[in-house]
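Lettered A, B, C and D in written order, each chain numbered from 1.
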């Protein structure tokens, strides 16, 4: 693969794309190999791999849910959709659950502005949920197979803990 | 060698063609605050403290990375620039965890000096209190990310002077941080020659020798320039 | 354009662009092809469905680029003796009825066909009628995966002519005369940029197409890449000839898989036809083009960051000057233009620079493609002459608010632009007018904001975007946007004091004036423009805290 | 040099609402000075005591109306002219005192790095774990995780003040008129800051002698 890019350092991003396609993510051994093959410093390779949001440095979660936060989706209630997803998955945006089952991601525009708001669940696009009706949204999400709401830990910034039993 | 003449804060000054605005300012006997710039390293214009006003230009120009041109009229210390510089320094303080009181670099820190220079008596921006780590894996040196201002002097001195390229910047935005190797503990990175140049040029207490405690760090930022001059102009004697 | 002149033998054009695909164009196209093939004697429909319709089968079903009205997708155009009829939102079950109609074999008239009822779209409505397709003239007509179709529609004709008849300087003269300005947002005169590159000292030069269309709500460039990629390649080849480049890159964002696929196919086909590579079209002109795929970084739309990314580095911008036109890829002079700019080049050479300059407004010549989305009836793609009023685009063509309410504001220019209030909708859309209102043209995304959306929330939305996309190199953008976001949180939650608003404005000014690149410099624009036009919504809380 | 009247301070409106004596004419009464100790180590106050013989001058020129080192008053008085506030705002008592002293003081000075930046007390802000503020995190660490089997969180309403979720610099809680940095500010710096105030002038807080943190 590295040879296909002429072993040239400027092919780094292309090579990383292909490694990720093969392995699902960019492991440290893989990055080491890329650095060796392209004759690049390790920190340079890591700097590039960690800069771009589409490169994953951890194994991907079993299920991935990406909510579009593009402007068209935002204007049509993507914010409420995102809140619903965060509640259901117990995750913040761009976070993966500890057990590696779910990942909640944000994307900037999926180009489906005509069907806004939209989300992608395990590679399948779902469009136009009833984002402004909380109960209908909830059943819409249930129909997609999302887990029931997980209790979020208390938000940071609440009054001090002293005095709570 | 051809000469460029320009005006800096009302002073006429002549510098060799190819000089930067920063060199022209210094030639006029004046100064602007800098943090990321260091003589001997390629400029990155990242700290934005050396921005100056150039008559006829709508944009502010970074003195460290802009070439002086004939007839320019430069202003280095207007009220507007003072205001921006102070805000930039406040942003530096608020985004990291800079506690001068017990820092190794207290008393010999460029960030601390710059805060004085811009008259920063407090930060109007709330402190972000980021959770950052300390890497003490190297036998001789430590890296305290809490005090890092991402000037990338360490990255550049290691790459451009030492040639080891141990350091680079990882992540992006407010998550940016300096990494050694493949985000490894510094002590485990084979490429490191333990030359200590990164510690010498670090403007804050982020990189320091282990034997230093509070206010004991005394860096040598001039070494980058000395080495480059020795290498390129065969001038070893100051 | 979408409507074609009447033709004797019917054809169906099914939109295969991303927007319609997400609305189900794939299954519909398959159903249409199956239905079309089913009627051909003796052919097993399953096999026939995999091929484009055979000549002689009587009905050709073609996959084409964007048919504009994305919000009603999937779209199918039926071209026949009566002209073009457009259908939207047709389920695959409706395919057989449409095919039967198109063949003229239907037992009932079109108007009475229940399967098509409610799917017919009016091609005479302003959304279509007021368009002026130049960049998009082949989009929706040619099959983007077949170079023969592009060539049959005049593709590469200008490249051939230029190589035979014009000197590079003559090409640049036409571009200068056209008054074309960069469509990526900056509006820099294209001819001037080409001259700068061409007039650098002898040596290698590069040509780069910026297809890193990152503004959320913008899909103009994607539509060109997906709908008519050969037009872009032709424009790039002409540009390369005009500036003396023999190597080039198209930098596409990875979020556009279909565009990448079609672009790669187009490159392959063009090479195969001798329209790229060595000795193009029998001339001595050589050009190698490569596709480079981004990896999720908005800042790579900034030209110096884009160059770093092509070189396999972190997509951080650098200080300019030197400009890429002087020192770009590997230090060589590099021409960077965006997709729409380059795609406008073939038509400029075909019709002449003066002809193009006669379209549009005084300082902004030609046409501009906009993607309309948000709280609007007709979501989709429009190409109109520069200087058309926002009201025409948003209310007349776009049909205004979908629920019949009043439009509150129009956001142009994405995270670098601003919000223009409904009261100023008569503003002509050109570079200077939008800038004067504190917004900017940007690449052409136009998101309509309805009454239900609070403007500080819009500002916060964009600031969150900028925080997420900041490269982190310079402190105003890296740390300043984070502080701006915190201040906007207070505004949205109605906790902001007068002092907070003062701090917000002061910091906006600082980030704008001192950031290293366009992303940081423009990041405060959504805040500043909403403060300017909707200040009452920020309503400071008097005396709440310091 | 700017005088108090010429250079409006952030809290000028407030100061005018109070009957400030700072700008008073001939025969004005002695300046009413307070010093306050919030979340800090008292080092700034110790440095204040290092003023040595200047303390005698000061004693003639001012009336110390509230101070942990020079007064026995337990309630912050009304109509204070100048207040030096040491320490960050870390608990509800700090917060309450800060709010009330602002109401009763013409010129509030953030006295030392803790008041200005939260400094060392603010280090606990770095220990917030997801879903738990820094107070809870450090208390649980100290009283539960590191305790023997009988560990329990302190809970004494009205006796032990509750910690705030974050330790704050003074100016994030009330408007501050002057900043006197240092950890601690040296006696010379304190003197250079206070002396002009005694004659109704605003000190010039510039240069390393007056401004350096740490």
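Quick note on the criterion: contacts are C-beta pairs under 8 Å (C-beta built on N, C-alpha and C of every residue); 3 or more make two chains touch, one makes a residue touch a chain.
This one's a predicted model, so the numbers in the text were calculated from it and none came from an experiment.
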Selected interface, B-D versus A-B, where C-beta contact pairs are more numerous: B-D
Counting only C-alpha atoms to place each centre, which chain is farthest from chain B? C
Can you give the whole-Å distance between the Cα centres of chain A and chain B? 35
Hey, how far is the Cα centre of chain B from the one of chain D, in Å? 33
From the C-alpha centre of chain B to that of chain C, how far is it in Å? 40
In whole angstrom, the CA-centroid distance of chain C from chain D equals 58
Which positions in chain B are in touch with at least two other chains? 124, 126, 169, 171-172
Multi-chain contact residues (two or more partners), chain D: 128, 166, 171-172
For chain A, give me the residues that contact two or more of the other chains. 44, 47, 51
In the complex formed with chain C, which residues of chain B make contact? 43-48, 51, 60, 62, 65-67, 80, 83-84, 87-88, 91-92, 94-95, 124-126, 128, 149-150, 169, 171-176
Which positions of chain A touch chain C when the two form their complex? 9-14, 16-17, 44, 47-48, 51-55, 69-76, 79, 106-116, 118, 125, 127
Residue ranges of chain B in contact with chain A within the complex: 155, 159, 165-172, 179-184, 189, 191
Chain A partner, complex, touching residues on chain C are 18-19, 22-23, 70-73, 214-219, 222, 254-256, 292-298, 309-316, 371, 373-375, 379-380, 411, 414, 445, 447-450, 453, 457-458, 461-462, 464-465, 468-469, 471
Residues of chain C defined as touching chain B within the complex: 297, 314, 318-319, 321, 467-476, 478-480, 482-483, 486, 503, 506-507, 510, 513-516
